[in-house]
Amino acid sequence: MVQSAQFAHSLEGWFGFLPLWGWAAISAGLVIYMLALPFGGLATYIERKIAADMQDRIGPNRVGPIGIFQFAADAIKMLSKEDFVPKGGDRFLFNLAPLFVVVGSCTAFAVLPLSKYLIGADVNIGVIFLLAVTTLIAPGLLLGSWASENKWSLLGGLRAASQIVSYEIPVALSILPVVLISGSLQIGQIVEQQGWTVFGENPATNHFWNAFHNPFTFFSMFLLFVGGLAETNRIPFDLPEAESELVSGFNTEFSGMRFGLYALGEFCDVFVMSAMVTALYLGGWHIPFLDIEKLGFALPTGLVAFIQFHMFMIKTLLVVFVVMWLRWTLPRLRVDQLMGMCWKGLLPLAFFNVLGTALWMWVFKGQSLMQLLAGHG
Amino acid sequence: MAQQALLIALFPLVAFVIQALFGKKLPRHGDFVSVLAIFGSFVVATPIFMKLLTDGHVFDTFQVTWMALPGVEAAGKLNSAVNVVVGVLINNLTAIMLFMVTLCASLIHLFSTGYMHGEERYHLFFAYISLFSAGMLGLVLSDNLLTFFMCWELMGLCSYLLIGFYYKKPSAINASIKAFMTTRVGDTMFFLGIAGLYYVYGTSNFMAIYKAIESGVASNITIAGFPALAFIGFMVMMGTVGKSAQFPLHVWLPDAMEGPTPVSALIHAATMVAAGVFLLIRMFPLLEASHVVLPVVAYVGAITAFLAACIAIVQVDIKKVLAYSTISQLGYMVMGVGVGAFAPGFMHLVTHACFKACLFLCSGSVIHSVHTQDMREMGGLKSKMPITFATMFIATLAISGVPGFSGFVSKDRILGGALAYSMEHHGHYLIPLLGFATAGITAFYMFRMIYMTFFGHARDEHKHHHAHEQPLTMTIPLMILAALSFAIVFAGPTGIESVDHIMPVKWFDHALEGAQKEMGIAEHLSPESEAIHHHAHGLALMLSLAVAGLGIFISSITYLKHLINAESIKRMTGPLYTLLWNKYYFDELYLGVLIQKGLLNFNRMLAMFDDKVVDRIFVDGWRDITMVVKSVIGRFDDVVVDRVMVDGTADVTAGGGWVLRQFQTGKVQQYLVLTMIVIIVALFYANLGLK
Amino acid sequence: MNHLMQFSSSLQGYLAVGAILFSLGVFCVLTRKNAIGILLGIELILNAAGINFVAFSKFRTGLIDGQIVALFIMLIAAAEAAVALAVILRFYRLKQTIDADEASIMRN
Amino acid sequence: MNKVLLLAEILTVASALIVGFHPNILYASVFLLFTFCGVAVMFLFAGADFLAGAQVIIYVGGVTILILFAIMLTQWLYKIKLADIRNKMVVPALLSAAVGVFLYRALHQMVAALPPQTPEALEKFTATPKTAAIGQALLGGYLFPFEAITILLLGAMVGAVWLARPE
């Protein structure tokens, strides 16, 4: 149990021999370069490959074997571009805005439970932390679009902000059933409780994946996924950057590294959203029906963490794949459809799920479907 | 049993609600709802009746407290309980009545589906007769006069609605109003009687009243100088007079024939009008205890029977004939109760219900077929409508008192009772005399009706040509009712006691004996009165056979063989005929004398009082006083309130507003500056205080 | 420096920050002509109040009641912001400006 | 004794100064965002973990976005001046400074009236998670204010929608 306050205090402990900004820079750099950047880069490559497959093309194939280093080439191209601020734009905000997006999405990595032993900070308000830091993205988009001195940009930014603010409500409400079930906001604990092994005893607090806890959570997972899709401005909710209407939306005027930061932020956001679905509903780092720490023989902790990390990544990347898959499958919504779907569709459904889960918890004394089937209690 | 019996009344009530609310939207306008409901009632009533047949006796009560009345103190001190308890009483009489009413009502409902087919407001018709059935059955089930009276009034309402069913006909509307207003006279008195009962006994429960009368409580209490029991008895009798159309309140019943014929059959022949007699039977111990009321009842019944029968002779409207015969037969029943022939009276009620319902339905069938009610336009329908003719003929035989039919049994016993009464109490010879005369006249006019309708040649070829037999829904009720008109159902194959010893049917007598025992009026005849009764009954048998035969004979030679010309007799008895044709000028008497000369003048007097005294002195006087007070108050209001208080307040407010307005700059920041200055001052003093 | 750090994590530090935020909020409200600017000042004032509640909750009472009041303040601030901005947009439509001084139809 | 807290307080005060003095209202609102974040960190160190999260979600995700929206809707689309600070700043500055000073002094003296907590208790209070306690208090002793505030929020929402609806 790492308390948030203790986390802050422990940070202070670390700051003993380096200035604060040094540690901040190093940790941020580590997070970004160890995880976010490779993911962001690879994600562009994967996305292009998947798109090519779906459109019966070959896709990137020049740089490296099967074009695997394409993302590196892209990055180099991006870094070497001119740092351009539009005339009449607001230079300060123009520089500041992409940072909001990157900070918002990358800070969220701190609480992602990559494995039981590999988690940046298992703060006791983890879920709220996740929701809180990702809200920084919306001002980033809004300010960036405003600073561009471009009508399309501003319209895109306004759309993005209103979309994110609106869809935050169904997303939060879709997380609520999980909180109801686990009685905790701590992500590590939430994941821990989704363990289920066919060998040996299961603790009473452990039920199977939250998605299969009861019918309401099953639907709740899809609500969270759809809401997350809209929050990350992905197709079919990519109205803020709708090419046919707004050129490229809020990032029209951005180029070079700033555009790279926006793109990175977006891909990180997709990853965070997918990881959130995985951790909250799909059992996180748990291998289905198997607990590798209770196999009867002890594995080295490092190996356990390694296996769990890969399990988590497999699940998360599967969700990411679905996001990309949808991109080439579904047409874009209209603005009124988007807002109508949020307020008239997702929101009531989310309320229904919360109430339904509460009812389930009350009727079945908190037991999951799996526990009922296995005849516990 | 008593609780289940409540269902009997509830079924039609529910049907009424359904019909009234949704009837129009249901298939067939929902007639099946009413029919099924009344058949349901019949099904529930049958086991009770069967129990009576097998056990010879049923008794059950079920009571709930309706309301607790504070301070009701009975004069007789019998029952100082202050709760109004209502409930259900099932005894032999109830069982028979329930069976009879549900049976008749079921058959008439069934008949109505054919008769009323295609009428406007078809669903409302069924709603009304369902409500009526509920009222009648509720009345029969009541164990106290209060709910009895409520059901009684409910029936009155339904009667009113159904007489005026063809609301586009002015005559129907007038008839309905007349019926309602006339019965109101009797009902008011009846209600006074109930009030008297509460005053004397503190209860209206039948069983409690029987017990009280048996124990002789309150026999010497008086109401307004009259002996209480006589007063109550008389008032109850007036209720009967109104409801059962007895002299002198009989005028509404013939007009009530404006309603649809099934209504006439159900309400104005079989059930509602019989309810009056049923009331007399229920209250018989009280009437008997009061000593003076019973002879009055007997005379009223006898006079009614005779007068109505006489009018029936000259009627040409088939339903009017039946209406007058109904009045006449009701008179018989009342007379029977009056002379103490309690059991025969009740028996006549039941037998009459069956055959009169049959007669009315037959007449309905005829009317439906030839589209007229005037007998002079009928004739020769025997071959065209064989089933109707056969059933109607059987019913006619029954009402005429021909041996072997039900009417004979009951009528003969009533006449025997009347004869015995007059022999026992020397002097009351008029009662049996009128009774026997009526019997003869009844036979005469009933056969006259049959002959004019079914025999002879067709007087109106066109109508005759179109006449046809009715569908099964209408004829089956006729056949069942005709079957019930045989004597074997009630007493024996012939109805003559000496003959029926071979094959006696005793259930009715047993049931009535049980009922009499319950009511505490079991007859313990002394040997000599036993002898008188025996003698009287023997004599009555002979006489009634003779007068009935005479009546039929005269009728036959006049209207079948035309040996005597009816027209010449009419001319011969000119003034008498005119008198009868005009129904003894009762309507004119009531309208011209009682209402126009009496009531209207009284009303005018009241109007004058209202105009001259109430309006001038009280109303105008108050106005003058008010005017004076008004001017004083007005001055006060003007000077003190308006000038000083209102205007003064306004000036003060305006002045204050002007002062305060100076701070009202409309600039938020200036307000905040003021606020902050106040806060600073407050904090400054707070700091001082804390130091 | 050490002294400053000690002050910063004491109750007085919290109170000082609260007081500064409050006076800056008042200053903001007083000097802005723009209605939205006034709203910014109000948000600062509300935050100052929240800081004080939370500080007293930790350093003096040791109960969470102060935090709950701070939470309520937050919720009220959210409601106030929504309504205020709706009013501002409405006002803009009416007057083609959001200058608070223009909202003086009822003056005198 | 905490550098992070000191940093947060400095951030809060500095950005609040910019909010107060920067003539451009857009900048003022951007720095208001930093003020909110700084206050959130202060909450965190005062043991109000849940409140810190709520502070970020509500103020950064809600109020700031709303304010930015309003600024952009009125000032970009309709070309309203951004810099609109008044010339007369002396009186407000004096006034607000006086309020701040008096307020601090008053509070400071009130503090003396209340007994201070022991350092151990402070440590324990900071380390205790508050979410469950706040939840129970909201549905327990504070149920009525809680319900009242929900109704207030609903009313505010409906009112805002009604006010901002198109003609």
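In this document, chain identifiers A, B, C and D correspond to the written order of the chains, with residue numbering beginning at 1 in each.
Just so we're on the same page, a residue touches a chain if its C-beta (ideal position, glycine included) is under 8 Å from a C-beta of that chain, and two chains touch if they have at least 3 such contacts.
Note that this is a predicted model, so its numbers are computed, not measured.
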B-C compared against A-D, more contacting pairs: A-D
Identity of the most central chain, Cα criterion: B
Centre distance in Å when chain B and chain D are each reduced to the mean of their C-alpha atoms: 84
Approximate Å spacing (C-alpha centroids) for the pair chain A, chain D: 28
Gap in Å, rounded to a whole number, between the CA centres of chain D and chain C: 6
Residue list for chain C, restricted to those that touch at least two other chains: 26, 30-31
Multi-chain contact residues (two or more partners), chain B: 669, 673, 676
Residues of chain D engaged with two or more neighbouring chains: 2-3, 45, 47, 50, 54, 62, 69, 91-92, 95-96, 99, 103, 126
Touch-based graph of the chains, sorted into line, ring, star, complete or other: other
Touching pairs - complete list by chain label: A-D, B-C, B-D, C-D
Interfacial residue positions of chain D with respect to chain B in the complex: 91-92, 95-96, 98-99, 102-103, 105-106, 109-110
Residues of chain B touching chain D in the complex: 669, 673, 676-677, 679-680, 683-684, 686-687, 690-691
Residues of chain C defined as touching chain B within the complex: 26, 29-31, 38, 100-101, 103-108
Sites on chain C touched by chain D in the complex: 4-6, 8-9, 11-28, 30-34, 36-37, 39-41, 43-44, 47, 50-52, 54-62, 64-65, 67-68, 70-72, 74-83, 85-90, 92-93, 96-99
Interfacial residue positions of chain A with respect to chain D in the complex: 3-6, 8-9, 11-12, 15, 20, 90, 92-93, 96, 123-125, 128-129, 131-133, 135-136, 138-139, 142-143, 146, 154, 158, 161-162, 165, 168, 185
